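Below are structures written as structure tokens.
Look at the two complexes coming up: chain A is in both, with chain B in one and chain C in the other.
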Partner chain A sequence: MIDLQEMILEKDRLIPLLRKLKKESRLIAPVTNKHGDTLLSEINNIDRDTIDLDRQPQNSLKSFFLPQQEILAHYSVDTTGYNFTAPEAAKETIYFGVRSCDLTALLYMDLIFSKPAKDASYYDRRNRSVIITLGCNDPFANCFCEATNSGPYLDYGYDLQFIDLGSSYYVAAGRRKGADLLNKWDYFFRTVEEEDQKIRYQLFLEARGRFNRNIQVSHACHKLQEEEVAETIWEKLAGRCYDCGGCAYVCPTCTCFSVDDMAIDDSHGTRIRSWDACTSSGFTRMAGNHNPTDRTRHALKQRFLHKLKYDYQKHGKASCTGCGRCVDICFGGVDITTFIEMFTRDAS
Partner chain B sequence: MTNSIEELGSADVLLVTGSNTTETHPQIGRNILEAVDGGAKLIVIDPRRTDLAKEAHIHLNLRPGTDIALINCMMRIILDEDLADDLFISMRTENFIPLRDYLHRLDLDELSATTGIELKKIHEAACIYARSSKSVICYCLGVTQHSCGTDNVQAVANLAMLTGNVEKKHSGVDPLRGQNNVQGACDMAALPAVLPGYQAITDSAIRDRFQAVWKREIPAVPGLSLTEMTHSGKDGAIRAMFIMGENPLISDPHLSRVQETFENLDFLAVSDIFLTETAQHAHVVFPAASFAEKRGTITNSERRVQLCRQAIPPIANCRPDSEIIMELGKRLDCPGMDFESSDEIMEEISLLTPIYGGMHYDRLEQSHGLQWPCWNRDHEGTEFLHKYYFTRGKGQFTITRHQEPAERPDRTYPYTLVTGRGSYHHYHTATMTRNSKRLVREYPEALLEINAQDAKTLQLQDGEKVELLSRRGKVRITITITDRVQPGTVFSSFHFFEVPINQLTTSVMDPKSKCPEFKVCSVNLQKVKHD
Partner chain C sequence: MNTNFIPATAVIREIIRENDTISTFRLELINKRVPFSFRSGQFCMLSVPHCGEAAISISSAPNALPLFDLSIRNAGELTNAMHQMKAGEQVGIRGPFGTPFPMADFANSDMLFVAGGIGLAPLKSVIDHCLFQSGLEADAVANITLLYGSRSPSEVAFTTAISSWKEQGIDCRLTVDAGDDSWHANVGLVTELLQKELITKNTKSLICGPPVMIRFVIARLTEMGCASHDIFTTLERHMKCGMGTCGHCHLDGKLVCVDGPVFSLEQLQTMDVMELGT
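So, the complex of A and B:
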């Protein structure tokens, strides 16, 4: 068997290919619904659900691997004690049209949910996933993935990476599962010509120059290793935070969660995991009303330091992937870019 | 609002009075802060040091209930500094001379002493507001919930007209509405003296128009306001009530009187999405469908009528309020109660309500809503009000005089209690928000804000429970020591039924609007003695 690593797919062949893929697994792709919202959604009918690759999905991959609310276990109580049953196993799923930032975020989540032990429900879904990304030729208004080393194209981590060359896609396999797909459906593809390579390289160069925003992420990471953030900055940010949790919920790398046992009746119930946010004071409040975080002054401190300081120390890379979603959603205008700009502008 | 929300973001001066905007109107708060970030000046009038007040260039932390004195003081300074807009006054207003003469007779130092704010600060604020031609005033219930609420609003209107800061983009007077659709409810005449579209019930030609469609005689006499009804008492005229989406047994002032009324009703029916404290007293409860389970429109503060689409079918036996009303109407032999859908209801609204004349569902479906007045299908809606002329023709100046709140602190009740919404996490009587586990976790109990100086005098610790008493009742409440309130003033919300703060508030109301004085009553605090 030939190991096909890079191939060209003519655009006319995309839907026929996806139709085949959908027969074997669940297919998730960006779809713009009738209200004008673009969301990564399950494709039920490939002819009716129009895949939209021109707009950024409002949701990231997070909700598919760490759902907003998920059942970790069902329990029942009888004379023998507690009995736990695992929820239904995940389905094989192909994610198509995933942006570079969102895959980078998933790779970060892989890390978070692997220690100290592999999180069973996360890895159940992850092991049954194939991720097909789409490089960004034209970054969106608030994107800054180049500054976070998570785009516009990726070097690794994807199963397949698509690059739009105009009338065709340049398709590269980055992992075994991707290469297997290329092999299996090789008759849809043609080989890469030198001309394709040239266009791809040119598009990459141009994409890097198209960012609206120049956010000094690595400068901020370095500076945070050396100095403390002025209290006035934290207070200014906290004063503008509405405590809505929107940033954490749209963020592809925010993984804070809470676990609750919900009784259905006296002898049955479910254990539920749901998203939470470090910006909420109730998340860190302990017995006797003690709280290591004073929301009124430090509401956003943990959020920003975790992403730009602690994760940088631990993994050598900030855990912000520059997707820009928090910029869009923040009511108070105190998203991570505001913080980076305030902190790096500071003369001290 | 005379303006559109978006205009606020481009104003040069924002005068926010009696509004904790960032907490209670986050979307509008965001526009205000955007303006500030863009270089606009922000003046906040509020007895509390709210988050917005912290962002202000000038925070006028007045003594509760002295709004008129403060605005009069500002207007007098504007006259003295020759900053009044003479052209606007002569072209678009009337009755200016009596106001001018009245203002000239006032003593600035006396006014400043009444408000408790130093004159220099008021002077600076007045000049900032008057010097810009893109000045906006936003106000909320801190202005209206007083025994002189109507005069407070008139004073604000005087100030805007004096400086010509109305009738154009980026300047106007903007009452911020407290519920998502309270504007729509008022537009549809959930008010005692008008028919839909603010058409006077006393006008026989208007009544005739409605009677022709409704096939029912419409009374020519205005009805009662909410507080008049819930305070009608043991032997009051009100014998039966049908309440929809309202929880007066927590939200109305002087609760013992409300309880008395409810206990003596012959019949009470309540329609709500949860079993509220009021619903628990009802003879009949209708489970109503929530916003997500029905189709209809919502009209927001900027007069924008927006279509709200049904997301899910009604859960269990719930039904939309409109259906509940129609079913009741049919059983009461009321004609015309057979609307097929909310679309058909809107067809009638546009027929009978001139300001909604151009509101058609197909138009609303294709837009983010239309702002009234929208006279007909060709009309694109109205971005800001009073272009060319005021609704009544010329804008009328009316003299407003300072009057003390109904209750003033005395030896028995030395503190002033201000009530309002407490946080982002709960909404009004928390009918909905206390059903969210996460919101309850974030804000689990009622808190009384008290200044450190007062806490020290009373030997109270942060987090301690106190007994809070007024002439009308008492509650037990946990205190939080904060610089948000001034010495002598305490603040609490009305979100928690366990701490029904409205046991304490007064039933004194504004004589014209009938709005109760929720913002000022005298109280005392007592340490809770442990056995």
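So, the complex of A and C:
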């Protein structure tokens, strides 16, 4: 057990603290790029990069732990035989300004990549990471993390959680590495006063009242345990899915992947892992064009049942974190909220 | 088990040509990190240089270790490259993966194997294992019958194994979809060989072959009164990892690579499975 610690960081001390952290390891935070988009990205220059803590980063943590493409191994085929070597080790990295939903998704990935054995590449990165989250005081337009139990604030899982109190941050350590950071840099912080706790609680209540969307996630999960989804629902959804894979790419809990070998020359190559999507037509296709999935009717069935039915059965919790990204990206309008609304309203 | 995608290296010790498109590759691991053992019904991920990986069942019985067999049908890029390889060359192996057949439950049973084409590969491991155990009173099965269907006489595979099984007292019945002058055994679908007298209260049926074959054999066995917990099959799905993370082999909430590939009909009946036509 770690001794939970809570401290206050005045806002003018944030950049000095991050500057220290960046000296010790790679630092990732939400940064606005030259196009005006905010993405979790590496801080190169703490004084010049614009850290944006007001908008939702368009990407989640996923690509940092399961890169869109990564080398799993190098291989060579020569007179000494057919040999594989492991990829380079990951770098120590601190993630700052991670939203509650995205940390929840990372905890889900921890589970997926630990069974039946720990995935070496994933855990190499995970073990060298420190996650500092930022609770959401003002949920974004499409968010519904309250309905998925993954925000707006978190109770556990983070190394440090920041809550914006206006002129300062309320900082809590949830894991050993977070507590160590607080201890090491204690001169940046001051102790928590009763007034800080009151403000924090008030902000929490207000944040919970600010969700635009009321998505019946747990109702859908329960109903899926009892009932089949009407074929007409699957067909309607499939009819408007254009096989772009956007939902699976932006989704922090879509972790399906493909593995392929790429030759560099006759005697060398790399084994590459890349993101894949269960919504795509090739996902289940076998040699001789056999396909156990009928995409024209069931393009989205696995995606939604996996998150809301199977994961609920296995882990007691849906694996949608309510981040709302698929709502933003799906131009066919067949994101997970559409499904939940169709299914929970369906009387049959 | 490997926690990453780095295979152990295996040398091809021998290649047995089974027919025009199927060969059995007898392998031996040379740099395994942990002792290699497996049970009948499990599969490996086979790496062939520059071609990636494919899931292949182990077709020999565990007692033949350190040698083990992969019987491979030339079906595409990787399997074709494998067919170009020669004895002495090296391939990569990860595994074994998946659930095996419940061999302990087969003691004293009348074993009925129904296979089509390359589908005999995983069942061959079980048959060889049953024969290996036949001296051990407690674990031995009572009887073994094999019904094996091929498209044509030239496509009949595993003929060496089948003649050896016949010599050891196994009732092997072969059929082809279309015969020719050289063919003296049955002509017709493998389901036509499924006659009442083959079934006892003690029959355990193990099926492997193309999806339509699996469906019709299961229907016929059920019609003849076989219970769903006495019927087993092994399913094929697109697989990329073999260890339950890539998601490709999904099957109604299960993953074929870890929850299967061996399933009893009793398990399959609770799921939405293409092979059962549901």
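FYI, the second predicted complex is superposed on the first by the 344 of 348 C-alpha atoms of A that agree within 3 Å, B and C clash if a C-alpha of one lies under 4 Å from a C-alpha of the other, contacts with A are read in each partner's own complex, and residues count from 1 in each chain.
Here is the rule we go by: a contact is a pair of C-beta atoms (placed from the backbone, for glycine too) under 8 Å apart; a residue touches a chain by one contact, two chains touch by 3 or more.
No experiment lies behind these values; they were computed from the predicted model shown.
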item	value
First, second, both or neither for A:41, with chain B first and chain C second	neither
Partner contacting more residues of chain A (chain B vs chain C)	C
Which superposed partner A:148 touches (first chain B, second chain C, both, neither)	neither
Chain B versus chain C as contact partner of A:100, first or second or both or neither	neither
Partner chain(s) touched by A:168 [first = chain B, second = chain C, both, neither]	neither
Partner chain(s) touched by A:260 [first = chain B, second = chain C, both, neither]	both
First (chain B), second (chain C), both or neither touched by A:306	second
Touched partner set for A:269, first chain B, second chain C, both or neither	second
Shared contact residues on chain A - chain B and chain C	260, 276
Touch list for chain A against partner chain B, complex	35, 239-240, 242-244, 260, 276, 280-282, 289, 331-333
Of chain C, residues touching chain A in the complex	1-7, 9, 30, 47, 49-53, 75-76, 79, 90-92, 211, 236-238, 240-241, 243-248, 250-251, 253, 258, 274
Partner chain A, residues of chain B touching it in the complex	22, 26-27, 29-30, 33-34, 37, 51, 54-55, 309, 424-425, 437-438, 441-442, 444, 463
Residues of chain A that touch chain C when the two form their complex	72-73, 75, 77, 81-86, 112-113, 115-121, 255-261, 263, 269, 271, 273, 276, 278, 283-288, 290, 292, 302, 305-306, 309-310, 313
